[in-house]
Every structure is written in structure tokens, then in C-alpha cells.
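After this come two complexes, each holding chain A, first together with chain B and then together with chain C.
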Partner chain A sequence: MIVHQQLPMSVNLASFDFLLIEMVHMARRLSEKQETALSNDEQMERGYTFLENIGFQVGRKLTERLLLTRNRIVESIDVMRFLCRELWPIVFRKQLDNLKTNRKGTFVITDNYFFWFSKMTAATGTEMKEYTTPYLYFPSGFIRGVMHTFGYPVHVIAQCPNLPACIFQVRFPAPSNVSTAESTPSNPPSESTPSVSQQNTGLSRTSGRSLSSTTLGPNNTPSPLNPVNSPHPESS
Partner chain B sequence: MNMAAYVAVIGTKDNPVYELEMGGGTEKQDKGLGAHLNQFIVHASLDLVEQVQWTSNAFYVRSIDQFHEMYVSAYITPSNMKFMLLHQAQSSDSIKTFFQELHELYIKTIMSPFYQPNEPIKSQAFDLKVRSLARKLL
Partner chain C sequence: MVKPRLVFLAIAGPKNEQLYLEVFDSVEDSSLSKYQYLSELSLDVIQDLIHDSERTSNDCFLGLLGVEEDISTYAFCSNTNVKFILAVRSSDLVVRESEIRQLLRRIYTIHTHAVCNPFSLELTPDTLKHSLYFNETLRQLNSDWSNQ
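Up next, the complex of A and B:
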């Protein structure tokens, strides 16, 4: 069903580039049309949340398809491993450059030449941030969708310090918040990164279960892919 | 070889997403309870499915439960959708094939932009295909 082609696929790639560009414009147009009493910024945020949701759906469905041929993933480390080693080359056609974790529920994914942005240029540093942030919503929604298929309601924040390089912060919810909806405030960085408020749609039962079961497994090895769930042993 | 069977696709919150009954003639004894009994049995075996899913990383989890003469088999997808089948001791190869085909059909349903995973599947085309699959393989 899935063919991972090694051919150039230039028609696919070009159409996708155009589609992404047009989606951002469309989101902007849609948000301007709504005649509510929100301020301009809030309207833009709505438009961008729309983009993020599209990315979310795409991420979910794509992972479902890709997982058909592999065995089921039981451990939570394997989820990150799947994302970084298998999904990233298939979708973005290159390996991830760096994966860091702070062991407390946040992973930082760095890609030094983000494929979807390879054709973009911008003049100066500050302009760049302003112009590229809309385009970051779709990829962050995409990653959120991928994690959601496995049952992890994560929160993804994307930044783009230099144009082809992108950094995604993936934050897993703290265990005390597993059963309630959460929208964490945005993160440290001083740049104007938008944080997308995220609803906990479908929290599957496995997310609660996996938190408790992985503490029993051999997951406490100090590797960079150590799952976030292991420092949170549930008192069962 | 069409014995009685009951296929259910159960979502991540134990919500039924799709159900199909292929009845045999002899099931009419407990008329009042007939259809509901199938649902009870499958629901009760969901706990066992959850236990088993952490032990193996295969999709097809074989026969996990038994109720009198009916067996329950399960197939778990990576996104934690459970395909359950209630049947009467058939060859597990054809059941495995059935589940695999069902999985592919399910993925095709998900690809539709109008369908969100975990919602009930109301498409008639899906229903027809599952019926013909069941007739062919079960």
C-alpha cells in the first residue's frame, strides 16, 4: 500500500510546496472575513489554529497508514524512535539532526535543513521570524497528530531561528494532568513564537496505561531517547 | 462455511465504532437476549485485550476469551483500535486474513477527510465490503 520511492517525485514535492503556501494565505483570508469583535491578533490566531488542526489530521492519518506494515509499538521509547528514525526520513526526506530531552517530559527536535522550508528565503532576521511563523503551524500540528495516534496528547511548539533550520519542542503532559484538559502557557523563548493552545481531544486509555506499565520495563537506560514516562511512576 | 459471527470495531475509549452480525440459524434460542449477548461478551473481553496488548507487539492477538462455545478473537491496531470477532472455533488463518483485510478497509475509511478516527463508521460501502469479506472468509 505504501511505496517509499527513491525517485525524485518532483511533481509531488512542487505541488505540496504550493499547497502549503496557499493554505497559509487561505487561513489568513478566512480569519479576516469573520466579523467578530476580536482584535486582529486574535483573529490571526484563529486562522493559525485552523492550520494546526489540518496538520493534526494529516499527521494522524499518515501514521495510521505507515504503521500498517510494522508491528505494534508497545514501549514508549519506541514511539519517539519511530518518529525520529522512520517517520522523519519518509516525510521530510532526511534524518533528524538532533534530539534532546530534559527527562521531564520535553523533547527538542532539531532539523538543520527543514525540507518544507527549503525553497523559502527572507531578508533579515526579524522579518524572517514574522514571516515564517505561520508556516510553522502545519508542521507542529503534524507532529502533534503523529503522537496522538499513539495516544499521547502532546503539545508542540515550533521555532525557526535561521531559515532552513527548525526546532520543535514536544512536551508531554505531566501525569497529574492526564485526565483533565490542559492548555499549557507558552514556553520561554524570547522570540515571538506563537504557542498554539491545544485541546486534549481523544485521550485514549492507553495513555494512562502506558505511563504505569513502562516503569516496569527496562526503560531506565540513560539514552537520549529515554521516554518521558519513566520518571513518572504511577502509584498503583 | 458461514457460521455465526459478530464483528465489532471498538475505539480507543471503548466506544463501538462498527458492528456487524452474521447470524446462524441456531442462535434464536434466547430471543430476548440474543443480540445483546454478543455485545456483552465482547465488552467483557475488552479487559483481557488490554492485558494482552502489552505483552505482545503483534497485531493479531488470537483467541483471548471463551464463553460457552463461542470464542473471542482480537486484533489490535497501532492506534489502539480493537477489532473483535465472536465466532465458533474456526481456523485462525482465515480469521487472521479477515482481520488484515479489515485493517486495510479501516485505513481506507480513515483516509476520508470527512471521517475522524473514533467516530462511528456509517458508510454503507464499508458495511457491504465487510459483509462480503465475512462471507468469503468466515
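Up next, the complex of A and C:
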């Protein structure tokens, strides 16, 4: 049974911070080296997709290992529980701060002190957005990999309104056609909670919509979820 | 105590595609198709078992699936919907289910180790076949089982 460790793993943490930083620079260098006729933006996108793929592999393999000793996780609510209660403390060393959903298969994860960004500072405003966006690709790929291990091809969009708070929107594909998971990351999901893009660290704890109960269709794609919306009782 | 011999191990992925099929002990030469047929049958049974909403046990080990001719199949379904089907030659020798459960759990562990290999970039259906670690350890498990 894997226990959430509070030991100071300074060497691990420091090396991981450096690794993340260097990965972003490497992606940028790699995308610049390719001599194709694409525009600069598209090259950068390709480099960052590379980061997202790495995150995807890491997420998938990590969940494979973590699931080794668990009993059977059947429903999507159990998957969410695993993600929020078990995976998040293990990887990010703290609990999730907020989890919201709408009824149509999108949910929003908020972390007010995202651990991987805890050592970063930047000026506020548009500059910060430009600087932090490259670093968001790895975590969003990571979450996508985690959900993929359970068989849900979700789509993850990450936003960072204020360092070090992070918001991840995870969108499940519609049960009717599973192949709609490949939309471009710049389109905001139409059904998500409307105030996501304007949120800052002063997030309210209750969502505007009421919680719905879980119904799991026969083909294993979840529609509404029943997440935990109360603040977690134990703090890190 | 002599144990019944393992016949084959089949591993199927989340979409029921076949990832691995290893025959340990084949009596006739043309038995590969028979074993594939048996593994497909077991997959159907597993499908029924998983989607059965009245199942109370939360365990991954699905137990004895069925007996066909002289081969009895046991299955294990992991959380990532990877299914392990182990077939044992059923004879007069008694086999304890706890040992099969232990063996399947060990197989699941080495499968996870093989899949989490950081050098395997894309997980294709061939990944397990090419994995040295997986093949060697499986062979070791088989010889341990028959030599005990």
C-alpha cells in the first residue's frame, strides 16, 4: 500500500523541478531545429505536443503501477475518487482544492498551490500567461494519461490564472460518438461552468450547478459524475 | 505435491484485442488455434462477469471460468481492463484456487513491470511479445510451478 509520504525528499524534488524546466527548453529547441515551412506558432505547438505526449506516457505508466494493489475500480465515480484522493496527494503532495462538474461530462480540477509551479514567479497579466503556458502541457498530458489507463479518452485543458494556482478542465467524450476527443485546445468547452476563465485564487467552494448522481452507461463511457464538492477535511 | 501443468496464458487488452498468447504445454501440434478459441470463449465469459451488476465482490480475480475438455480456465481482470486468462490442464490432481490466484497476481505484477518500461514508447500489441523481461520471467514462473 503506497503511503503519502511527508518526508522531505529534497534531492528528488529539486531534480524534478530542474527536469521540468529543462524539458520545456528542450521542446522549444527541438521545434526550432526542424526546418519545415511551418510558421513559428505551429512549430511551437508541435514542440509542446511532444511535451504533452511525454506527460501522457508518464501518467499512464504511473497509474498502472499504482493500480497494482488496488481492488477493482469499476465506475467513473471511483475513477474520480482515485484521481482526487489517492493520485493527487501522491504526485503533488497535497490534496485537490476544488472539484466541480457540470452534468454533461466536464469537470474542473482546481489546485491553489500547484506543486510543480511552486518555485516559479512571473509578472502578472498577459506576460505571465505567455510564460506559463508551455509548462502546462506536461501536467495536462499527465492527467490525460491517467484517465486513459482507465479507458476514458478525455481531453484536458489547463489554465494558470495566477501562479501557483492551476485549473484543469477535463472533458469526457460524449457517449454517442467517442471520437470527438480530438478538438483543438484553443476552443473552450461550451458546456463547462461559465466563469472558469475569469477565476483567480479566490474561488468559491460551491459550484453554481447542483450535483448530479452518477449514471454509467452500458458502454462504459460516463456521463454525469458525482464528485466530491466539499473541501477535503484533512489538509496536507 | 504434483501440480497440474499450465497449458497457456492469454492476455487481452481493454478492447479485447489479444496482446499475448503463450503456450506452455501443448500435446498436439495443431493446438494453437484451439487455445485461441478457448481464450475467446473465456473473454466472453469475462465480459459477462464484469458487466454483471449483481457482483458483490470487488476482487480482481474472477476465478474459474469454465472447463472445456480437459482444460480449465481461470481469469484475472485488472483495473485497467487488461484480462489475464490462465489455462490449466485439469485432471485428477487437485489445484487450489489460492495458488492460481497468487500466480495470476504475480503475472499481473510482471506484466506491469514490462509495460512501465520507460523505453517502450508506444504500447502496441507487440510490446509484450518483444519484452525480454516478460518472456524470461514467465518462463521462470512456469518452471517454478512445475517443479514445486
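General observations
The rule is simple: the second predicted complex is superposed on the first by the 175 of 236 C-alpha atoms of A that agree within 3 Å, B and C clash if a C-alpha of one lies under 4 Å from a C-alpha of the other, contacts with A are read in each partner's own complex, and residues count from 1 in each chain.
Please note the rule applied: a contact is a pair of C-beta atoms (placed from the backbone, for glycine too) under 8 Å apart; a residue touches a chain by one contact, two chains touch by 3 or more.
Computed from a predicted model, the values in this text were never measured in an experiment.
In the superposed pair of complexes, A:Arg72 makes contact with chain B and with chain C alike. Partner contacting the larger number of chain A residues, of chain B and chain C: B. By the document's definition of touching, both partners, chain B and chain C, reach A:Lys61.
Legend: residue contacts after superposition of the two complexes on their common chain; A:Thr149 is shown touching both chain B and chain C.
Overlap of the chain B and chain C interfaces on chain A comprises residues 57, 60-61, 63-65, 67-68, 70-74, 149-151. Here chain B touches chain A in the complex through residues 12-14, 50, 53-54, 56-59, 76-80, 103-104, 107, 110-111, 113, 116-118, going by the rule given at the top. Residues 14, 51, 58-60, 77-81, 108-109, 112, 115-116, 118, 121, 123 of chain C touch chain A in their complex. Interface residues of chain A, counted against chain C in their complex, comprise 57, 60-61, 63-65, 67-68, 70-74, 149-151, 218. The touching residues of chain A, counted against chain B in their complex, run 1, 57, 60-61, 63-65, 67-68, 70-74, 149-151, 202, 204-206, 209, 213.
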